[in-house]
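One chain, subunit A, appears in both complexes that follow, with subunit B as partner in the first and subunit C in the second.
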Partner chain A sequence: MIGATPRWVLGATAFFLVAVGLFMLVPLLVVIASSLSSSEFLVFPPPGLSLRWYGEILGSDAYLNAGWTSLKLALGTVVLALALGTPAAIALTRFRFAGRAAIASVFLSPLILPSLIFAIGLLIVFSRYAAGPSFLGLVIGHTVITMPYVIRTVSANLADIDPNLDEAARVMGARWWQRYLLVILPQCRTGMAAGAFFAFNISFDDAVIALFMRAPGVETLPMRIYSTLEFSPDPSVAAVSTVMIAMTMLLVVLLNRVFGLSRIA
Partner chain B sequence: MSTGTMRLSREPALLLSPGLLFLLLAFFFPAIQLLAQSFLTVGAEAGRFTLEHYAKVVVDDFYAGVALRTFRLALIITALCLLIGFPLAVVMSRAGPTLRTILIVLIILPLMTSVVIRTFGWLVILGPGGVLSWTLQQLGLIERSMSLMHTETGVVLAMVQVLLPFLVLTTLGSIGQIPASLEEASRTMGAGFFGSIYHVTLPLSVPGLASGSLLVFALSISSFITPSLVGGVRLQVMAGSIYQQMTGSFDWGFGAALSVILLVITLMLIVPYMVITSRVGGRT
Partner chain C sequence: MSQLSVQSVVKRFGDLVVLDKFDLDVAKGEFIALLGPSGCGKSTLLRIIAGLERPNGGDLHIAGRSVTGLAPEHRNIALMFQSYALLPHMTVIENVRFPLRMRGGGDRETQRAKALEALALVKLDHLADRFPRQLSGGQQQRVALARSIVAEPDLLLLDEPLSNLDARLREDMQVELKRLHESLGLTTIFVTHDQSEALGLADRVILMNRGRIEQAGSPEDIYSRPRTVFAADFLGGANIIELDVQGSGETWHGTFADGTQVPLAHASDLTAGKRKFMLRKEAVVFSPDETMATVEGSIETQNYLGGQTRSLIKVGDIEIIALTDSDRTETGRHATRIGWRPEELIPLQDA
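Our next item is the complex of A and B:
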């Protein structure tokens, strides 16, 4: 057998995969386990099981407000990132023009700049030219860091589709708005959906930009979790985190349905 | 696409301009403002050109130490990611569809979970009386409870878990482009299992490994959430002290100078990363 793998290598590989799997998943599993603890403190192993911490967060205005803020923020980001990113992706994949490669890298450049550095620049701008950081500032910041994902997914999506369909519509006399509404945008559907999932996930999870753009009265879930961890972690943080992990799992499943996980990897 | 050139160039311009204008105002303008801030005086005579913030970084021993720790940790983290990530990517590229999907979920699920939550998990694992301490006690390896909080070992462990997915995904892209026939040929011609990996797979994965490790290194020096929560104030890293300057002590000029230094180093790493990825065909 040409491709034969020695037996002991298979054994070692299995061991390696289990070890890496534990290493990657245990940090998430311990959070889920801690959320079910009946103790006031984060001790391991938990003395007993209880769902009281879920009741606790449902009765906590601070967590509910933070959850609502995070949700509004993520949805606003998705809308803005799709509105700005989709047309750009259409232009970059369906047209040839001078400077196309350069413009494409301009659009992807927020991926390169560490979000820490971008967050500081944004904080300086909002403090100098606006009344300081605000919810709108957060939406703008998250749109900048998520738009590249929309552009990548929509571009990948359009690359798979025959551009002649649009050409046919044009030849048959479709007006520009008919082409966009009836041909091009429906073609972008899966790319837009995948981009929206990414944008939602990144915005909902982001703590870096949120912590720098801290505005009075605006607190997202990751900000709340961060400050709780700094001072007094208790199992209610674990319950909130578990809800967020469950949402991430749902997004991964949806992303796989719509776009295929192997295309991300 | 020859059809595209015949179209009016007004159409792509209209499609691109909202996004470009937005990036100009919301991305490039802040970056320039950050650069400007690092050269401007603050306080009574605010707004004059100065190099004092940069001088402070160089002169102050504390920040030299912080910078040194940042880079030492980033090097260790990158090396460990390479050591774990390369074999993992090789296995993923050869695995059957089921195992491959499981492994991709294993990499993507943590990647898509908030860094704050993953770090929380590590606090529960590493803390005194935590999962690690309990497990080692149960196994009889240690007698008293232990903690890896506020240690470099703890920071490295948590950071490797946070950053490993970036290395694996980048490397997987480059291994996927190696034709299976090359490895088969080397095996037919007498190479052993490891000989084939060492002489064929490894050299051909170098672009992916190189770009993946540059990315991990760049992300590692600019992380502050995991190092701040696991390492605490005693083990400050550059990104952590930037966060403190900007939100705690409000020395924006100094914070900006530290960020510009971090930015310059990141760009020195990222430019080669972009050259490598565009040469191998790149992932769009």
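Our next item is the complex of A and C:
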């Protein structure tokens, strides 16, 4: 293997690696730095350092309410996406039935379909057949766009397990419901955790569907950030974003502790 | 009353007949090997006995009860999979307790005590709280074995129990299986394609070929008196020699293509004409004495195997393979005389 890869290829690879890393990290650093600004305005670099904007958002009902709404929305989405996505993944991987491939692609289509188009459709349906956009409508919308992630991660999980487990459990006397509860579902744990993580992040982060499904009295955190940026941009936006970044990192660390990232990604 | 009775069971996959009116009776406490090449139907038969496959016809009785249409979870049997199929999210002891838990015998503590007892039988009680992934392949198999015996099943089924182990572990496991069978007396049926496993473990070997029983009998019987070319070839890979048979009453002889004549035993099985015979490789000796059948040949190639040496000897146009103790082997390419006791030439049925 000596000299198998020319030096210039290795050099170019290193260059792109660093470049991509910078493009991913620098925006985060800019946001974090801006959140520590002492200025009234969202400027970079910050003229002085202070924690005043963190105090500002913690004292703001608008931000706190939006944060609470987003949290409820994300948790509701996680519960529904898991409750629907896990059985779907089990059915799609374990059974061979007519239309299986078609159903699988429909379930995964939100991954490909622009969420803008989906949001417009959702708005039309809810305006025509329900009493217009609502919190419940948002939960449903987020469930649709996050369920594919649960299906993907749980399916990947199930593909790895010994196909004989179910038959072994049968021979040991397990009825069908015991096999689901004691054998199959526990095998899906890591996939469910990973899917829940994706679902939570996507729901907590979504602005497109939230914007279309804007209902009176329902404002999520991304919507709050968006309207602040539009009307009175100040470093509070950066402070909220930093909190969100920290939360995501905390979740990743937690998942890694419990399940091990290599088994999830 | 037999512990397992398989009555004219038929299994088809599409047009392919996998089991063709298969009959088998297994007595309580027997240790049975289903032996055969891949595709002979042995694994399908095991799955039908376990209830994982539904036969197209025929009947199945286990411990005197008809189980033909009964789901596997309602048959009181155990099946050890080739892949072991341990539940990865449960500890060793929880894996072994699982059948007791499902069949609902006793409270949690009683079940754990029983599971620990089964683990002690395979000498793994000290690893009870580990997870399967923390064990070696051989240890995982012993856990699977403990899990199979813990609920005292009516039948213990083993699917290729030794095939995933390396040579050393395989020998240990053979001893283990035999010992467990002798101490527990569980009626045991195992599937294998390896003749030495079948001969080494079973009380009775069922040699299968194309969905039928080719020959069944004790290991000694099936090895020393194969009835067909297939049986002779599958068990130990013997020399198959075609001779022209002549004689009458008690005196018969066979003639090689080059005219060499050898005396034949097994008079009652013989008729005049062309006939195939089996000659075990280890029945051939160098420097035969006067009671033996002898032929002139020449040593072509030899493989030294340690204690034994394998020699390829040409006798006229035919090749005879001899497996002899290395200290009783002539070495080097040269003309020689080989021989065997007349009863070692076993007449075979064609087909």
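In this section, the second predicted complex is superposed on the first by the 230 of 265 C-alpha atoms of A that agree within 3 Å, B and C clash if a C-alpha of one lies under 4 Å from a C-alpha of the other, contacts with A are read in each partner's own complex, and residues count from 1 in each chain.
Criterion: a residue touches a chain if its C-beta (ideal position, glycine included) is under 8 Å from a C-beta of that chain, and two chains touch if they have at least 3 such contacts.
What you see is a predicted model, and the numbers here were worked out from it, not measured in a lab.
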Side-by-side fit of subunit B and subunit C on subunit A, or clash: fit
Cα-centre angle that subunit B and subunit C span when viewed from subunit A, reported as a multiple of 10 degrees: 100
First, second, both or neither for A:8, with subunit B first and subunit C second: neither
Contact breadth on subunit A, by residue count: subunit C or subunit B: B
Touching partner for A:161 - first (subunit B), second (subunit C), both, neither: second
Partner chain(s) touched by A:183 [first = subunit B, second = subunit C, both, neither]: second
Touched partner set for A:152, first subunit B, second subunit C, both or neither: first
Touched partner set for A:231, first subunit B, second subunit C, both or neither: neither
Least C-alpha distance (whole Å) that remains between subunit C and subunit B when both complexes are overlaid: 8
Overlap of subunit C and subunit B interfaces on subunit A (superposed complexes): 164, 167
Of all residues in subunit C, those that touch subunit A in their complex: 50-52, 71-75, 77-79, 81, 83, 85, 87-89, 98-99, 102-103, 147, 151
In the complex, subunit A residues that touch subunit B: 2-6, 9, 13, 16-17, 20-21, 23-31, 34, 42-45, 83-85, 87-88, 90-92, 94-97, 103, 105-107, 109-110, 112-118, 120-125, 128, 140-141, 143-144, 147, 152, 155-156, 159, 163-164, 167, 176, 201, 204-208, 211-212, 214, 222, 225-226, 229-230, 233, 237-238, 241, 244-245, 248-249, 251-252, 261-262, 264-265
Interface residues, subunit B side, partner subunit A - complex: 1, 3-5, 7, 9, 11-12, 14-16, 18-20, 22-23, 26-27, 29-34, 37, 84, 87-88, 91-92, 100-101, 103-110, 112-125, 127, 129-131, 134, 158, 161, 164, 169, 172-173, 183-184, 187-188, 193, 218-219, 222-225, 229, 239, 242-243, 246-247, 252, 255-256, 259, 262-263, 266, 270, 274, 284
Residues on subunit A engaged by subunit C in the complex (per definition of touch): 161-162, 164-165, 167-175, 178, 182-183, 186-187, 189
